[in-house]
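So, here come the structures, one by one.
Below are two complexes that have subunit A in common, paired first with subunit B and then with subunit C.
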Partner chain A sequence: MENGKKSPSSRRREPITDTQLLLTITVCIFIAMYVGAMFIWGGGFKKPQMLFDMLNDNAFLIIISCGLTIVMITGSIDISVGGVTALVAMVSVMILNGNLGLFNGMIGALGLPEESRIFFALLMSLFIGLAFGAVQGFLIAYLQIQPFIITLAGMFFARGMITIISVDPQKAPQELMDILQTRINISWLGSVNKKGVLIPARMEIGVIIALIIVILVFFLLRKRQLGRSFYAVGGNPQSALMLGINVRRTRFYAHLLSGLFSGIAGFVFMMHTGAGNATNATAAEMNAIASSIIGGTLLSGGVGNVAGTFFGVLTLSTIKSVVTTSGLRDPWWQSISTGAMLCLFILLQSLVLMHRRKGGNGK
Partner chain B sequence: MKRSGASRFFYNNSQLLIPLIAILLLTVFNLIRDPGFFSVGIAANNNGDPVLQGNLISILNGASELVILSMGMTLVTAAAGGQDISVGALAAIGGSVFVKVLKGGSINGLLVLAAFLACCAAAMVFGALNGSLVSFFGIQPMIATLILFTCGRSIAYWINGGATPTVASPILNAIGSFIPGIPVPTPILIVIAAGILFALLFRFTALGLYIQTVGINQGAARLNGISAKGIKLLSFILLGACCAVAGVIGVSRLGLINHETLLINIEMDAILAVAIGGNNLGGGRFKMIGSVLGAYAIQALTITLYAMKVPSTDVKAYKAVVIIILVIMGSPVVKDAAGRLWKRLFGTRRTGTAGKEAA
Partner chain C sequence: MQEDIVLTMRGICKYFPGVTALNRVDFTLRRGEIHALMGENGAGKSTLIKVLTGVYPMDAGEIRVDGIENPIVIHSPQEAAGFGISTVYQEITLCPNLTVAENMFIGRSPKKSVNWKSMEKRAGEILENLGIPARPKQQLGRCSIAVQQMVAIARAVDTDCKVLILDEPTSSLDDREVEMLFGLMRELKARGVGIIFVTHFLEQVYAVSDRITVLRNGELVGEYEVEKLPQVALVEKMIGKDLEDLSSIQKSEVQAASETGDLYEAKGLSSSEAEAFDFHIAKGEVNGFTGLLGSGRSESVRAIFGADPVTGGAIRVNGKAVKITKPLDAMKNGIGYLPEDRKRDGIIADLSVRDNIILALQVIKGMRHPLSRAQAEAFADEYIKALSIKTASPDTPIRSLSGGNQQKVILARWLLTHPQYLILDEPTRGIDVGTKTEIQKLVLKLSEEGMGITFISSEIEEMLRTCSRLIVMRDRHIAGELTGEELSQEQVMRTIAGGGE
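After this line comes the complex of A and B, so read on.
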């Protein structure tokens, strides 16, 4: 991120420059932490598989964090994402194992193969995500209800619906999971184990979906008009309105995208675990918010970057693996150290921004 | 604040419409469903003392922690323009400290008092930590408290060394359920005491006005000699005290501290209570009674759903539907539209303030 410091004279207070600065901090800290862990504990951290495992486990979190970053840039919040993810995972597992009965008749009547269930599950995931996004977006943007309350209700609704659909945990049939859990082997990043057998690095399809979404959102926020208006609306809705931006529609689209991404995340989550459970993706919304914050997105809107969010997710999971490897095995250390790191990041960002505000504006 | 209490109440009256409508609807619904729903009876409890029983009592009793937390949350919301999402975790920390101190000796009145003070101190220190992040570092409340939300329950776990110890004592029974000889559950009395304390605080100090001023315009407050940072910090410390009280009630009810389940998800309900009470989540003018009514409405809804034999895991979904209906009714756009419709139908627009003040 060399273009973060263009020239000494461009010390003007612009949201994008803040964004780049915060992104740089995040990336630096992440690399420092990962490399530090590599040298101190070596072992697992030296293998590329460690990184891929992190990606595999957190693909769904990356996707919902992307949606949340957009929403946060727009100056809003969406805490229903975890609930929607869990609901979608449950519904798609139940479509796969036929317990929901939703598409069973159609598959039977048309004589479609069992594999077509995957297609219907994906369709349903997207539909549920979009439905949540559209309803919440409408209520927030057009009826001007506080986003926290609406999305909190959305979270309650999604979590409640899971147990209404099925109290028992559900499991997808193995033959379909074999298709969904196809792993991509990258042999040149593999490592040789004690017996001298090369174990290739494995990556799941979900990771590719997550990476594609990160790249798409990156370009959406950078290059497209809609993406730019997210920043404008989040930075100052009044001036955005005067610039001729349809503020309500922009807010609506932000929530619609967040809902859609939650739907995709639910499907990816299901691809990873193959199980539907009421406690799936617990506190995922808070992890996603934390990742976005670590990545330099401000909750007040107008500042943020999806690349930072991506590194935010990685940083969060690096903290967790560092704690587990470092021998602090008591169950409370993981979240205490996550909290401490979060505190560090937040303080650092706040200090940097305060310093810049003071230096740049004379106020 | 030279206005008399009554005129001030009517001045802010429109804000209380939504929680009152919610409570009214729930009351009517329950009375239609089961005319005896709200009947209060007297029965003997395990100790043979006559105590009040009935759905009404269980709503009032069950909402106690939520009401106390929503009081504190109202202050934080008004002053800092954001919400504290760590109240459940803070209550767990407070409860853990309470139990830790109680475990230190044989339980008598003095020790319980010491434990309560220690619990308050711990919760207020963590509240002050949140508050200083918000006021001195200018971090948004939700983000600042996200830290404690992430790790608070683990800290509570750590305090008790990874166990969920139980404590049993008649004194704790008296706090959590009934004082012998008094038929009203003690948590209700604690809520009344807290309400009186806050009422006195607002009556005899200008704290309420200061908090509103800071919430509406921080710069203007500072120019008028009000320490905006100090007020924000104070509101978080007060919320910390509320968390401690809620934690003590929660622990005393069960006689044990379970860091994972004590007041779980209560932060969401507390924020909801503040919002249903018509307070702006962006800070500024607030009305604590609105939050209290909102909290009771939420608990009434929960008890109603339980009475309708809805499984406890499904309650959330129905709750969400009711919440959405309520907030749609309270949304400015819908209010405006309703006002226009009213004008068209009846010729005059309902101007709540003037009409009621005259009456």
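After this line comes the complex of A and C, so read on.
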């Protein structure tokens, strides 16, 4: 009971923090599930490409979830991320197609090659993401409006904008997509197919971007004053204020980053699918929230870890693969099992945390 | 400025609309002393602290700090910290989800990156130096409240701190933890920090303080050295001697506890807020809990009613063992409770006077047996008349009534349930003199009809007038029981102060 009162000189190892504990649980469950699937169904799960496909398909979700994890750590929420991702994907495709006159004019006037459209699409993606993040962040942090309502409005706004730009699905030109969909071949992780031909494992550029963002966010949260402020604000905003933290600015940055990441995610999504569509990234915000929660981020704020979120996305995707592989191909089975797993995770988390609260001598 | 004085406040005035919170108050703090700031609730202690830390702007007066030529003006706690004035508040203002080391350093460094190694090393040095039993890497929320408080102090004194304000730091600590905290305070004192210690625990003041400044009704009563001010004298100064002039206290004609046996009896009753105590009340008895604010008197009666989670104790009502762990249990056993905080625990502001009156009766009857509209109207009209509640109509929302009339509505709510035992916690606070006398008369009348009543009031003479037995609380324990001849102003004060040293 009295583990807080031991003499300070005894340099024993610290008991792990809540954040680390939840992360450990997530990683263990992911590995257990994946290895279990390997043994039960073998086949696809034994091939490394299965894992890479998961990453390729979910790169955008990983990026969104990073932003959402930050926002949730500060005790806020952002449900506009899916809408912004879809909007950005649509705008990018339009730019690549040369359908947005402004950019065409600029490219023409500057005499740039057609490939430069990619650059403008990326620039516009970042801009849209930042704009959403900045406006929402300002309203939430400085005017203190409920984040749920603001970002709900943001979500409708973004989805509406897509239809204004184009009602019909758009496809990016193939020659530009060939550049964007360059795959990285990892031959030593490849597998030999039935005909005895080696097929190398393939990874998309988007995965690299997602991994870089995960690492950057990891260091931001761990090593930067701003990152630690996210935790402080989420833990107790009043205390954070008394500790000399600029609570409003911290909240603003959290939403700004979330917006920026939705922008990047939109571009990555477009790179993966090459299409703009009003129904793109449907429910991505919900999947991102679920991933963050599975990864050990608490909706109540103050606790969370981006490494956990990364594994949260993979866990969620593994659940879906397992359900499909086990023969339940109807889409609702994925939803049902995802829901059940989410419930289980949250139950497990609260049980573990409750047990620790009782065992500890703090409140 | 004298050599060893670190802080002087002169002629501090602070007015709120209609209230003079501070009237020309002086305060002096010397290097390396622990200076207790004492006074009853509303005496102006917290206002003075808030002026000093820049939470409130002062309306007149000047503040000087050692080492600064001119009087200073403080606009915010951050600015106060810049002048070397740090505050540790009663409620912990740290983040429980961060580590101990982070809590000591976050928000202080202008650097953008965090160097965990050097931060933890430095934190470890400070903690060890001050003898605080916490480890830098520990999650703060997993330390005891006392250690969290000490970490807050460590953070405060690490910034070149001359004046440390401890605002009720001990109110949620147990004896051993208080002793730990005192050790730290003495350590800081030896290092030359001037400490302002705000508390309402008299014994703690005498355990650590060098000097005492007493405030009363926003005015300075005086500054005293601890050795020269015995506890009884301190209580007299806090409460105000003028009360002694009220020699015209009419000894009330309350009956002594009848021999019919106890109406309510509790052995070792304790709750999350109150320490274990024994208590009993007989039919027709009026007794009271007294003691300084924070001595545990409200917490004790809340435990009787089950208003805070009850943690132990054996209870008998009319000789039968019963379980009372929540208010509904108490109500079903015929106990009513008029809470101290009328706005929070009493009225439902947007409901009408009538709905507020019938609330408790309806709860006892259960939601499946609703009172008819006609019944509700009859009850409401009866009690509005009986207690002469001044309201435009029974349909008026209770929020638009005056404090005294709101209080009567809550009283009516309980009388309607015909309780055999009624607890009144500060029923006369903040209401006009006329209503006060009415309520006192009503208390006596109800007790004649056989109701047991426990009465709490901060005005001792009011208690003396109505109660036949007084339970005196000090530092969350029953310090004594006074009956009959012992019921005098002086004896009450002696017991509050502790044995009359």
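We adopt the following convention: the second predicted complex is superposed on the first by the 344 of 363 C-alpha atoms of A that agree within 3 Å, B and C clash if a C-alpha of one lies under 4 Å from a C-alpha of the other, contacts with A are read in each partner's own complex, and residues count from 1 in each chain.
FYI, contacts are C-beta pairs under 8 Å (C-beta built on N, C-alpha and C of every residue); 3 or more make two chains touch, one makes a residue touch a chain.
Please read all numbers here as calculations on a predicted model, not as lab measurements.
In the superposition on chain A, A:234 contacts subunit C only, with no contact to subunit B. Using the contact criterion defined above for the overlaid structures, shared-chain residue A:148 touches subunit B, although it does not reach subunit C. In the superposed model, A:164 lies in contact with subunit B only, and not with subunit C. In the superposition on chain A, A:293 makes contact with subunit B only, not with subunit C.
Look at A:343: by the touch rule set out above, it reaches subunit B but stays clear of subunit C.
If you check the complex, the residues on subunit C that touch subunit A are 77-78, 89, 92-99, 102-103, 106-109, 111-114, 116, 124, 127-128, 132-135, 137-145, 147-148. By the touch criterion given at the top, residues 3-9, 14-15, 17-19, 222-229, 231-232, 234-236, 238-240, 242-245, 302-303, 356, 360-363 of subunit A touch subunit C in their complex.
Listing the residues of subunit B that touch subunit A in their complex gives 83, 133, 137-140, 142-144, 146-155, 157-158, 162, 268, 271-272, 275, 281-282, 311, 313-321, 323-324, 327-328, 330-334.
Every residue of subunit A that touches subunit B in the complex is listed here, in rising order: 77, 139, 142-146, 148-150, 152-157, 159-161, 163-164, 167, 278, 286, 289-290, 293, 298-300, 330-340, 342-343, 346-347, 350-351, 354.
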